[in-house]
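Look for chain A in each of the two complexes below; its partner is chain B in the first and chain C in the second.
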Partner chain A sequence: MTVEFINATFPLITITILIPIVAAGILFFMSEKHAKPVSIITSLVVFVITTYMLFVYDYNTYAIQFYEKYTWIPFLGISYEVGVDALSLTMVWLTAVSFLVAFIWSTNIEKRIKEYFIAFLILEAACIGVFVSWDMVWFYIFWEAMLIPMFLIIGVWGYAERIYAATKFFIYTFFGSLFLLIGVIGMYIYQYVEKGVLSTSYFDLVNLGLPFKLEIIFFLLLALGFAIKVPMWPFHTWLPAAHVQAPTAGSVILAAVLLKMGTYGFVRFSLPWFPEASKYFVPVMFTLGVIAIIYTAMMAIAQTHIKRLIAYSSVSHMGFVTIGTFALNMEGMNGAIITMLSHGFTSAALFLAAGFIYERVHSYDIKDLGGLARFMPVFATLFMISAMASAGLPGLSGFVGEFLALYGTFKVSVLTAVLAGLSLVVGAGYTLWLYHKAMFKESELPPEKIEKWEKLKDMNTVELLSFLPLVIMMFVIGLYPKWWIELIQTTSAAILSKFIGG
Partner chain B sequence: MEYLWIIPFSPLVAFIIIGLFGYKFLREPLSGIIAVVGVAISAVASIIGFLQVASTGGYYNLKLFTWMPIGDYEIAVSILWDPLSALMTCVVTVISTFIFIFATGYMKNEPSYPRFFAYLSLFVFMMLMLTLSDNLMQLFFGWEGVGLASYLLIGFYHHKSSAADAAFESFITNRVGDWLFLTGAILTLATFGTLDYLDIFNKLPEAEYWVITAIALLLFGGAVGKSAQLGLHIWLPNAMEGPTPVSALIHAATMVAAGVYMVARLMPIFASSDIALDVVLFVGTASAFIAATMGLVQNDIKRIIAYSTMSQLGYMFAAEGLGLFKEGMFHLTSHAVFKALLFLAAGSVLIGIHHILNIQRMGQLRKYMPITALTFLIGALALAGIPPFAGFFSKDPIIEGAYEISKAVWFFLWAGAGLTAFYIFRLYFLAFEDGDRLDPHVKSHVHESPPSMTVPLIVLATGAVFLGFFKEFFSNFLRPSLDPAYMPFLSEETKRLVEEGLSRAHHVHLADDAIHFLIHSLTSPVGILALLTAIGGIFAAWVIYQLRKIDAREIARTFKPIYLLFYNRWYFDFVYYATFVYGYYKFSRILWFIGDKVIIDGIVDGSAKGSMVAGDGLRLFHSGKIGAYITQMAIGILIFLGIFLLLV
Partner chain C sequence: MSVLYEIVAGLGIPNFGVLIPEIIILLTAFVVFGIELFTKSRFWITTATTVGLLLAAFVSTQIETGDITFYGLYIVDTFSLTFKTFLILTTLFVVAILRPYLEAKNTYYGEYYYLILFSLLGMMIMVSSASLITFYVGIELASISIYILAGMFKRDYLSKEGAFKYLIIGGTGTALISYGIALIYGKTGSFDFRAIAETFVENNLDVGAIGGLIILIIGLALKASSVPFHFWTPDAYQGAPTPITAFMAVAAKIATFAVILRVMVEAFPFAFETWNLAWALLAAASMIVGNFVALRQDNVKRMLAYSSIAHSGYILAALAAPTEIAFTALVFYSIVYIFMGLGGFIFLSMMERQYGWRDSHINDFKGLAQRSPLVALLMLIYMFSMLGIPPTVGFFGKLGVFVALIGSDIWWLAVVLVVMSIVSAGYYLRVVIYMYMYEPTTKAKVNYTFGEIATLILMAGFILYLGIYSTDFWEISRIVVEMLMQSIGG
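Take a look at the complex of A and B:
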């Protein structure tokens, strides 16, 4: 695999990573009341820069663009190397949007405001860093750096059982990333032994030409790290726990951005690095993907806690990314990437909706809810659109990716595609079940509750501002996927170059 | 023909305007007026297009924009305008216009008035995307879109549990069909590399028989869901929780007929596989008969008509399965008119007597609502298949055609027709004639509905009277879309394939001309038998429910098992609820407990606890002080950097 680079004339990516860190540093010395405006402006700047990159990016040929490389520790072959292709770019852009939304939403935070925003700003820098790094050391630094602020966000600003959830999240993902580290170090050593080269660059490790057995071993090591992050069944139980306890903005970032790192890892590393092992493990990945889709859809409908339900739905949707990725063809890959993007928006919106409900009703339990639609029509509409996008209604974002992933899978395994397609039924099942129980179903409510509901306020400006961008994106992707497909087309082809010979 | 794009987008614009400004600025009645104008513009445009295509007989394929590329194929939002889509589009827009007008009266003083008309406009847009599509993907977009609109409208009174439940049920049941449909579409794309109808048709001769069969059956699975055919029908009666104009428009005239339309649209695919045609025939016949038996014993005025809809859709599918596609589409058209009429008349009744649904608590309504009663009677006669009303000219050809092809099918369709006549006149006599069973309090308020409601009734009733005489026109009109010999877009090879598939209908010779058909029916034994059966059904209803010569309860007691079977709707709802609803939910709960909590978390937390005991020092973690966390974070980073530097 040979890759072209288009060097950055201006270190845009480095600046994008640095802005949140610098802002966090400044915030550290500033008074609490500046925390909100500084954070929102920072994330807005990041959003503007990444949007600019999205439009400037040349998607006609595959090249790593806005590429920067500076040698760091020469005798170990470690450099600072960043750049984007369409996959990285869409993920970075998704990150920028999600953080902007999360920051706007967080204006109502009251506890330890300064620390809260510092943690989020550092998290933002780390998330962007993960998606743009092409040097494995930097990738790993960002990958791990992300854990600490997230751990704090859940552990400090979470709900009653936050410590358990935060610890579980931390230990679980840390456990996974250790295997990732071992795998990468192993490849690094193999490279030195076989080729006498020391380099931690992605572009050197991609051309190792590993023997099959080693491919299998390294694939498994990395896959464990990624699978926990996705999360794939049966490594998923940390996610519901974390979501239930996380504050709303934390859940948004966790679902919209952090989950994508696992699938990003599979697409970015597992396929190009271990093509033979990837082919070998297709049946396993398909099986796990289908289990994720069906089994966790059943888990979702069994829940009464709104956030746990949505958390399980995330696992279910990630199943589509898994099968799409391992279909190892263009449609599947495009579908996987679009699903990643779309799930970012839909899950973020659903978690915002959960937070919105909690702020008014002070309960996440669907047994305590019902009949809200009548009293909050604007919210009901936006929530409905998000739910439908999540359930894969054509014309909204969810359908595009799922259809492509299903089609790609169908060409490889009819059975997998047919079973995964059942998500149309079970996915709509839990999503509408949630909506049904929370928003409709008024007659089971005691009258004093209805009295209380009548005083509830519909969305305020802040909530609308954070919700609307997500809903708009669901329409943008759903109604005009052509643009996105063209954007990622060359990247998908490059990632699959070892499978489809182009 | 460029102007055709106005047809779907005019209701969309109405939807957006009402959706954004409905509550704040438009309210009542402006929202309703905008919706009516939006759909009326579509109706005018589609009638112009209809006349144009009727005079030229050609077809037009308009690509509006590319939605998504898949490999070499580009899925486009587009319009295919040929006689078939023109007819269906006209049915949708014209019937919608009248129902919209009716609804402005029906929904008076409803607090959610703008929301109602926004949803209705959305529905029409989606329905038109479905009818106008030239490819399976846009069809599916419209297909799911009307499902959404239907969901929203069934659950329009969502504060009522029954309405919310029915909406949920309808969406999920439809999704089962949609799952099959989407699988069929994916198989099509994988086989032919395209989703455009015309390209698929011309590639049919290259495909293997079993692949075509699989495609046809999977797509038909979608139709079974959408058109509430046996197996996935349970949602339709419950869908009557929606406001009555919705029942008339979506759950009688248009959306539920989408399945019939889809099969006709893809006629070459279905005709290429006789297994597929047989399945369509079987499901259609079974639905036609079984739904009629369910309709016999219900007491809810709307549900009776709903079962009737399911049954009539069964007739349409049966026609298609017999290879009589033009007859199926003609029945769809006339059914749309008289069934919309029946529902709207029922709606008018409900407004008059304040939403009492039980026909046992009605009676003598003709005295108070003469226009409603008369128009309902016309609709009922049309449904029963009495000449010269529309239903006779559209339904009898199917029954007579079936006689030529399969005696068994004929028997069930014929018996179903008798039941149809009986149940609809049972409803008529109990509601409009018979004794005085109305609540005295209600009786003092009963009134005929305002002109916004009666005028649409009269217009539709006129249609139900005269539409049948256009039988020949429709037959000729549809020929370029449904008769392979005349279809301009088919290649010679496909034509041969399709003609061979439709050979089962070759020895059916039905007069196209309405007068000749009428004379033929009155002279042939099959025709006379069918007619006598319909009259017999009406007569029986008259004897039992008007003259009260026979006690209905006595019959129910005598045939108790059969009565219970019909009354409990053949236990479909019961079994489905026990397995798919309750069973699935309970199983999920158990699986969650065992799978996730006991097994997976047991292993994970167990091993975590094990290591916790080993490292008791980790308790610091739980101190809960932010300072401690930041210190730990700093220490962690330091350790990490330290290890890293050591490596250097």
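Take a look at the complex of A and C:
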């Protein structure tokens, strides 16, 4: 795999990473009342920069654009190397949007405001860093650095069981990423021994030509790290705990950005680095993907806690990304990437909806709700759109990605596609059921609830503003997917170049 | 002139030019002793110590050409100068925070300063030793001063117990070392590292020689508080006055690692298979025991003592691989451990003053982030650095050892290191959880003196700075190891 680079004339990506860190540093010395405006402006700037990159990006040929490389630790062959292709750019843009939404939503935070925003700003920098790094050590630094703020966000601003959830999240992810580290260092040593090249650059490691046995070992080591992050069944148990306990904005980031890191890892590293092993493990990945899709969808049906339900549905959607990725064809890959993007929007919107309900009703339990649609119509509409997008209604974003992923899978394995497709029905089932129970069923409402509900206010401007970008994007992707698919087309082809040629 | 030069050369007067740092430290110790004896002026004691240390640090960075002096007993090279500079700086930081602690506790004063200086002198001799005799003298001078320092709270039962335990076990260690030296001398007929290296060749060894090496390793492992010879560590660390604990846990440890590296590489380069295996086993045991026992500690000081045992394991693991990168990783990790170790223990020393000299129980940490955000943030940085999460330098320390182990195909030890790092998350995170996620039980802010907070911020700053840009330190470590390897001819 030879890759072209278009060097950045201006270190745009480095600046994008630095802006939130600098803002966090300044915020530490400022008074509490500045925390909200500073953070929102910062994330808005990041959003504008990434949007600019999205429009300037040349998607006709595959090249790493806005590329920067500086030597860093020559003794170990480590450089600082950042750049984007369409996949990275998609993810970076999704990160920027999610953080913007999270910051706008967080204006209602009242507890330890300054620390809250500092943690989120550091988290934003780390998340962007993960998606743009091409040097494995930097990738790992960002990948791990992200744990610290997320650990604090869940643990400090979460709900009753927050410390347990935060620790579980941390240790689970730390465990996985250390195996990732073993794998990467193993490859790095192999490269040094076999080729005499001392480098941790992605572009050196991608052309390593490992023997099959080693490929299998390294694939498994890396896959463990990624699978925990995705999370794939059976490594998903940290996710419901973390989601249920995390504050709303934390859940949004967790679902929209952090889960994508795992699937990003599979697409970015596992496939191009270990083509033979990837082919070899297709049945395993399909099986795990299908189990994730069906099993967690079933689990979702059984939940009465709104956030837990959405968390399980996330695992289920991530299953589609897995099978789409390992279909190893263009449709599947495009589908996987679009699902990643779309899931970012839908899950973020659903978690916002859950937070919205909690703020009004002070309960996440579905059985405490009911009949809300009559009292807050605007919210009901937006919630409906998000839920439908998540369930995969044509015309909204969820459909495009899942359809493409299933189509790609169908070409490879009919059984997998059919089983995964069946679970779409289950998915629609739990989403509709959630919506029905929470928003309708007015006739069953006891009078004291009606009395209470009547005092509730519909969405305020802040909440509307944080919902809007997500809902707009659901429509954009759903109605005109061609635009985004064109953007990622060359990248998907480049990633799959070892499988389909070209 | 030439006649004088001839006479000097004939008598063999040592080259004192390269010994100026040691001389300064020695003189400072005597000056402090004198001040303590005649005036008891606390201001002058502190000032004299600080000036002496600064001067010594400055001089040791200025020496450009090394030398082997004292009739081949004492070597001044890049390796020893680098470690000396860092040891002096470490001592300087300890001295910077010593005064408020001692005054609040209302205990002796001057004794601490000159004993620390004598101990530092011992460590400097250790890292400069070119022969087993110098090495022995250095280790004894450093240890004996520390035995006394550990027991300075003589009305405090724990301090007495810890010091006594340390004395007994440390004495055993010294006895073992001298026995090992005797056996090695019996085999090779020399104390000089280079002469030993020539005779001490793998396929030419009998039981006595191997036994001598093993006994020497055990003695050294005892000084480095490596499992299973670690039993003195938790008690001595817990009982000692906390700034002294910082001194023991950082300076003494670093000097020990340096001397271990020097003795192994310079004296036994051709018996590396033996000591590789020995250190690998000791390192694995230290990591496993240190981390698991630390999980159960409610006393943060004791927890950090076990964590320091675990860190001995991480650092010594590098000795399992006889490669340049492994030694470089060892030097790098030793040097950067200064920042984490000092940070952690100085933090405790500050907390201890706050909470009326109770044990540094983890409950005292509750809600610290709300009471004193800056202080809590600093402790957070130390904890994550010890855990090895980027962007702190702890990550690079572990990364170096890790690369070295995998590079030499010692997978089992690499896996132990990884798994134990995960285990260690349990107790490091606990401190963070108590600081950030519990509600405070009191409203009291942490009071700190300027010296304390400046040192703590400096340590955290170094940890973060090196976590992003560790290039220079890797370069220093590489040069140090290159010079060390050169002296044995590759």
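Here is the rule we use: the second predicted complex is superposed on the first by the 502 of 502 C-alpha atoms of A that agree within 3 Å, B and C clash if a C-alpha of one lies under 4 Å from a C-alpha of the other, contacts with A are read in each partner's own complex, and residues count from 1 in each chain.
By definition in this document, contacts are C-beta pairs under 8 Å (C-beta built on N, C-alpha and C of every residue); 3 or more make two chains touch, one makes a residue touch a chain.
Because the structure is predicted, anything quoted here is derived from the model rather than measured.
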So, does A:I163 touch the first partner chain B, the second partner chain C, both, or neither? both
Between chain B (first) and chain C (second), which does A:L178 come into contact with in this model arrangement: first, second, both, or neither? second
If you stack the two complexes on chain A, which partner ends up touching A:V425: first (chain B), second (chain C), both, or neither? first
Once chain A of both complexes is superposed, is A:Y407 in touch with chain B (first), chain C (second), both, or neither? first
Which of chain B and chain C A:P74 touches, first, second, both or neither: second
Among the partners chain B and chain C, which is in contact with a greater number of residues of chain A? B
Which partner chains sit in contact with A:I189 here, chain B, chain C, both or neither? Use first/second/both/neither. second
Contacts of A:G155 with chain B and chain C, given as first, second, both or neither: both
Contacts for A:R112 in the overlay, against chain B (first) and chain C (second): which applies, first, second, both or neither? both
Partner chain in contact with A:A302 - chain B first, chain C second, else both or neither: first
So the chain A residues that chain B and chain C both touch are 73, 76, 112, 115, 144, 148, 152, 155-156, 163, 167, 171
Which residues, counting only chain A, touch chain B once they are in their complex? 73, 76, 112, 115, 144, 148, 152, 155-156, 163, 167-168, 171-172, 234, 237-238, 295, 298-299, 301-303, 330-331, 371, 373-374, 377, 384, 388, 393-395, 400, 403-404, 406-407, 410-411, 417-418, 421-422, 424-425, 428-429, 432-433, 436, 439-444, 479-482, 485-486
Along chain C, where are the residues that touch chain A in the complex? 328, 369-370, 373, 380, 384, 389-391, 395, 399-400, 402-403, 406-407, 414-415, 418, 421-422, 425-426, 429, 432-433, 436-437, 469-471, 474-475, 478
In the complex, chain A touches chain C at residues 72-76, 112, 115, 137, 140-142, 144-145, 147-148, 151-152, 155-156, 162-163, 166-167, 170-171, 174-175, 178-179, 181-182, 185-186, 188-189, 192
For the chain B and chain A complex, residues of the former touching the latter: 23, 66-71, 115, 137, 140-141, 144-145, 148, 151-152, 155, 158-161, 164-165, 167-168, 171-172, 175-176, 178-179, 182-183, 186-187, 189-190, 584-585, 587-589, 591-592, 595-596, 600-601, 604-605, 608, 621-622, 624, 626, 629-630, 633, 636-637, 640, 647-648
